[in-house]
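Labels run A, B and C following the written order; every chain starts at residue 1.
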Amino acid sequence: MSLPGQLSVLFPLASGLGASSPLAAVLPASDSALERLPLTLRGLLTGWLPASWQWLANSLIAIVVLIVAFASLFALLTLAERKILGRVQNRPGPNRAPLPFLNLRTYGLAQPVADGVKMLTKEDIVPDGADRVLHFLAPIALLAFSILTLAVIPYGRLLVALDLDASVLFFFAAGAATELAVFMAGWASRNKYSLLAAMRALAQLISYELPLLLSVVPVVLMAGSLSTSVIVERQGEWWLGFLPRWYVFTPWGLAGFLVFFVASLAESNRSPFDLPEAESELIAGHLTEYSGFKYALFFMAEYFGMCALCGMAVTLFLGGWQAPLPFLSFIPSYLWFAGKLLALLGVFMWIRASFPRLRIDQLTRLAWKFLVPLALINLGTTAFWSLTADWAGLLQPLRWLIAAGLIAGPFLLLGRNLSKGLGPRTYRYAA
Amino acid sequence: MLGTGLLQGLAVTAKNLVGSFHDPERYVTMEYPEVKTKLPENYRNFPFLVHDDPKDPLGSLRCVACTICETECPPQCIYIVMDRDEKGKALKRPKVFDIDISVCMSCQICVEVCPFDAIKMDQHYEIAETNRFQGLLLSREQLSKSNAYYHQLHPTEAAAVDALLAEQKAKQAAAKAAKAAPAAKPPAPAAPAANPPPPPAPSAEAPKPPTPPAP
Amino acid sequence: MTSPAAPSSFPSGLPSSPGAHVRAVHDDFHGDLLEVSMGPHHPSTHGVFRMIVTLDGERIVRLKPVFGYLHRNHEKLGEQTTYLASMPYTDRLDYLNSMTNNWAYAIAVEKLAGQAVPERAEYVRVILAELTRLLNHTCLAGFLLQDTGCSGTPLMYAFREREKILDLFESLSGSRMMCNFQRFGGCRLDPTPEWLAAVRQLVDGYGRFLDEFEALISGNEIVMARTQGTGVLTPALAISAGVTGPMLRATGVDYDLRKVDGYGVYPRFEFRVPLGAHGDTYDRYMIRILEMRESIQILRQALRDLPAGPILDPKAKNRGFRPKPGEAYGRIEGPKGEIGFYLISDGSPNPFRYRVRPPSFVNLTILEDMCLGQTVADAVIILGSIDIVLGEVDR
């Protein structure tokens, strides 16, 4: 075995984007130049290096590209979120920040720049009596863990920074650590609101990791692999020659996707589960005592986490970088992935604009009494689906019906149980 | 079913999101410094003093320094000193007329109680000063605005006030004439308009002849 | 250490002494209690209000409201100035509802002086009061839902509609919020036909807005989970605490001054009084929504029947006004509850005694009883559902 080969075992990052990747064989020979564009560019940059150095250069490039791409996506997302919130609320959103040195407003596109300048120039305040080390480390830890989760998502046919065999496991291990950082921030701030937020964050973590993981198990079961690249490959076939075989288009996949989606809203501390930073109750929760660039880091980490979870949802259920229809395959895979990712992020923002916040006990009840049982039942349904894979002819609709019933029945029952005693009321009028 | 209410809510927000691009009912923001709303005629902000002769803004003030507004002003933001000649005779005009608009609460009571229609409400709202004491204390030089300006702000109200003042003036002239020549001819009804216009809308009271201020 | 009683989940009937639910602050078994000072600078206390809450985990075991940060001597000022000069000050009590504040004060003074009011003015007052009710309840629904954590969307929709009413107030009285419009014996100005047409247009469109708002919120499972069963107020406690307005009616007590006193021309209008059954936050929210629908009915009738005539009694006197010695209490059903003014005259231009009965202040007194056993998140929305304006609480 050559040295690079051994290294690629030791450092899976090397094989991920390496030309020696096993996935290279998957790539059709007729692939367009556009599809290969990222690889071609990388080849231009690192091709002149000796082979034993290429893996290092390639992984560095992957890291830099990921961070730069998602940092700029973060900038755009903050603007997009405020714009969408504004439009939903019948107002324009930020539209005034001019481009630097030009008096051009450009629909507020320069707003992230203005925000960045503002954040950087603000005073960095550490409360008296706070745990200075933890207070400093919390945003960094949060950001670091969020970035780690971005590494295992396949952004295109060959674009995965870290192609692990157990990348799904890696993703959730790194993702769970972010709540620890929130707890660090809440504890270190020496503020009662922050402490309450930290307690809430932990309760939320314990409650929502479980449905999140349980909703992924069916996918792993059906794909037969924990590798994200393989999972996406498995969703690449067509029904009747033109319908995509994404997992979301099966009964168990749809249920799993919905559970995953709700749980990822909670994991990324987004409305309606933004309890740790409930601004109407806890001022800003764990962010109360943060200012300036540390605050910006928290914000960045929140968006990175959101992107990672949406990317994972796309990978697991929405066919990853696969095109929705065969004749659309000429569009490069990374563009399909980006489109799906942005659409899901848009739904996140839409939900934020629409819903109020749950209470902490209702949040945990939703997880334990609704999402976890539903995910477990979904696991059983998936087992049924996988066992009946050879049903054909008239049995095929029957298979769909049974699977759908196995999902819908528990959903209705659990939903009724969850909303017991709640409902629209009729009112009487005084005589 | 669990979730239907949530979907309904999502539909409403989606409708507003799309509607904000084509429906003016769902995009109500006015971008202030560039776009300004048209102020309604009744809009009031801070008081100003009306003068009749643009060439002599301080000499032709309608104000006679009777201090009714000073007494009635709820937050006591008006300060008036009557002008007097060397002998100490009152000249029926203010020497000092200051309004502290940092105290003024724009209630318009000074306008209502003024029997001479001398003080009216301005509509200039872009007031910002670097000096919060002297800058917001308006003297009579700053307060004095022409009758034309008043017409521009409150056209209908100003027209009614002008008609009323003309009527009063004519009455006074007639009374004087009648006094000067009591035997010459009987006093004629000297109103210029046969049908006097209705009393001015903003002043709730029926206009009274000038009376000395209450002690 | 003796084992103290666990905090009771809901207060029922009359409360025992405050603090009866509280266990020791240091308790080796249960852990320590946490005292959090929410306010006066807190996003959800509706102004400069402060709640000192003692928490067991997230449950509230004690709540001490602290107010007075906005005290500005309103009642003493009223005794130092003339009757008319107090009128603009009443705008500043409950700055959302200056029209009804004006009206309540005008009614008190009219009672004191035996002043008659022309019929047209009575109708205009009803129109303005019901517009104010729409404005206040719309704002309340927006604020309440903002407290539950909506990212501003219901609040912005509420403000969108509120702007329309404020525009009407501005074009009539000259000011959006500090209207200073009512006078003793009528109103300051006569509304023009164009203004009345604008009101008619607004009233016709308001039902549509309410439908949309309810589609967004009333059936929302999260809102129902948050508000149903939280902050329960019993009728007995509400009555003994003097709670009035929609808060009282949400507990099921039929008490609406528009029906009880029948002041103004209200007996001529056909309208119903919605009553709640549970007395929780959801009822308090829904009662206000239903009241808005009734207000629309009243507005339609008032606009239809508006008679011609003077708007101000010609004999009315605002300057140099000296009522005979005596006392009077005038009250109306404001949007927040019974707003009343108590005046004693000694025959001088100033009232000898001037006292306000502020509905938000009286309704606020039972905050602790509603919050005990609930979580911090509930305390915020319970406070929101009381509908306080600190200008009126602190006076």
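The working rule: contacts are C-beta pairs under 8 Å (C-beta built on N, C-alpha and C of every residue); 3 or more make two chains touch, one makes a residue touch a chain.
Since the structure is predicted, the reported quantities are computational estimates derived from the model, not experimental observations.
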| item | value |
| --- | --- |
| Chain B reached from chain A - shortest hop count over touching chains | 1 |
| Chain nearest the global centroid, as defined over all protein CA atoms shown | C |
| Pair exhibiting more inter-chain C-beta contacts, A-C or B-C | A-C |
| Chain separated most widely from chain A, comparing mean CA positions | B |
| Interchain centroid distance [CA atoms averaged], chain A/chain B, Å | 61 |
| Gap in Å, rounded to a whole number, between the CA centres of chain C and chain A | 45 |
| Chain B and chain C, separation of their C-alpha mean positions in angstrom | 32 |
| Residue list for chain A, restricted to those that touch at least two other chains | 88-91, 353-355, 419 |
| Multi-chain contact residues (two or more partners), chain C | 153, 157, 160, 216, 219-224 |
| Per-residue overlap in chain B, given as positions that touch at least 2 other chains | 2-3, 6, 9, 12-13, 16, 28 |
| Touching residues (chain side chain C, partner chain A) in the complex | 34-36, 42-44, 55, 57-58, 145-153, 156-157, 160, 216, 218-226, 228-229, 254, 256, 259, 272-278, 282-283, 286-287, 290, 375-378, 380 |
| Contact footprint of chain B on chain A as seen in their complex | 84, 87-92, 95, 350-351, 353-355, 411-412, 415-416, 418-419 |
| Complex contacts: residues of chain B adjacent to chain A | 1-3, 6, 9-10, 12-14, 16-17, 19-21, 26-29, 31 |
| Residue numbers on chain A that touch chain C, as the complex places them | 85, 88-91, 192-193, 195-196, 199, 271-272, 274-275, 278-283, 352-362, 419, 421-425, 427-431 |
| Partner chain B, residues of chain C touching it in the complex | 81-82, 84-89, 91-92, 153, 157, 160, 163, 167, 170-175, 178, 180, 183, 186, 188-190, 212, 215-217, 219-224, 312, 314, 316-320 |
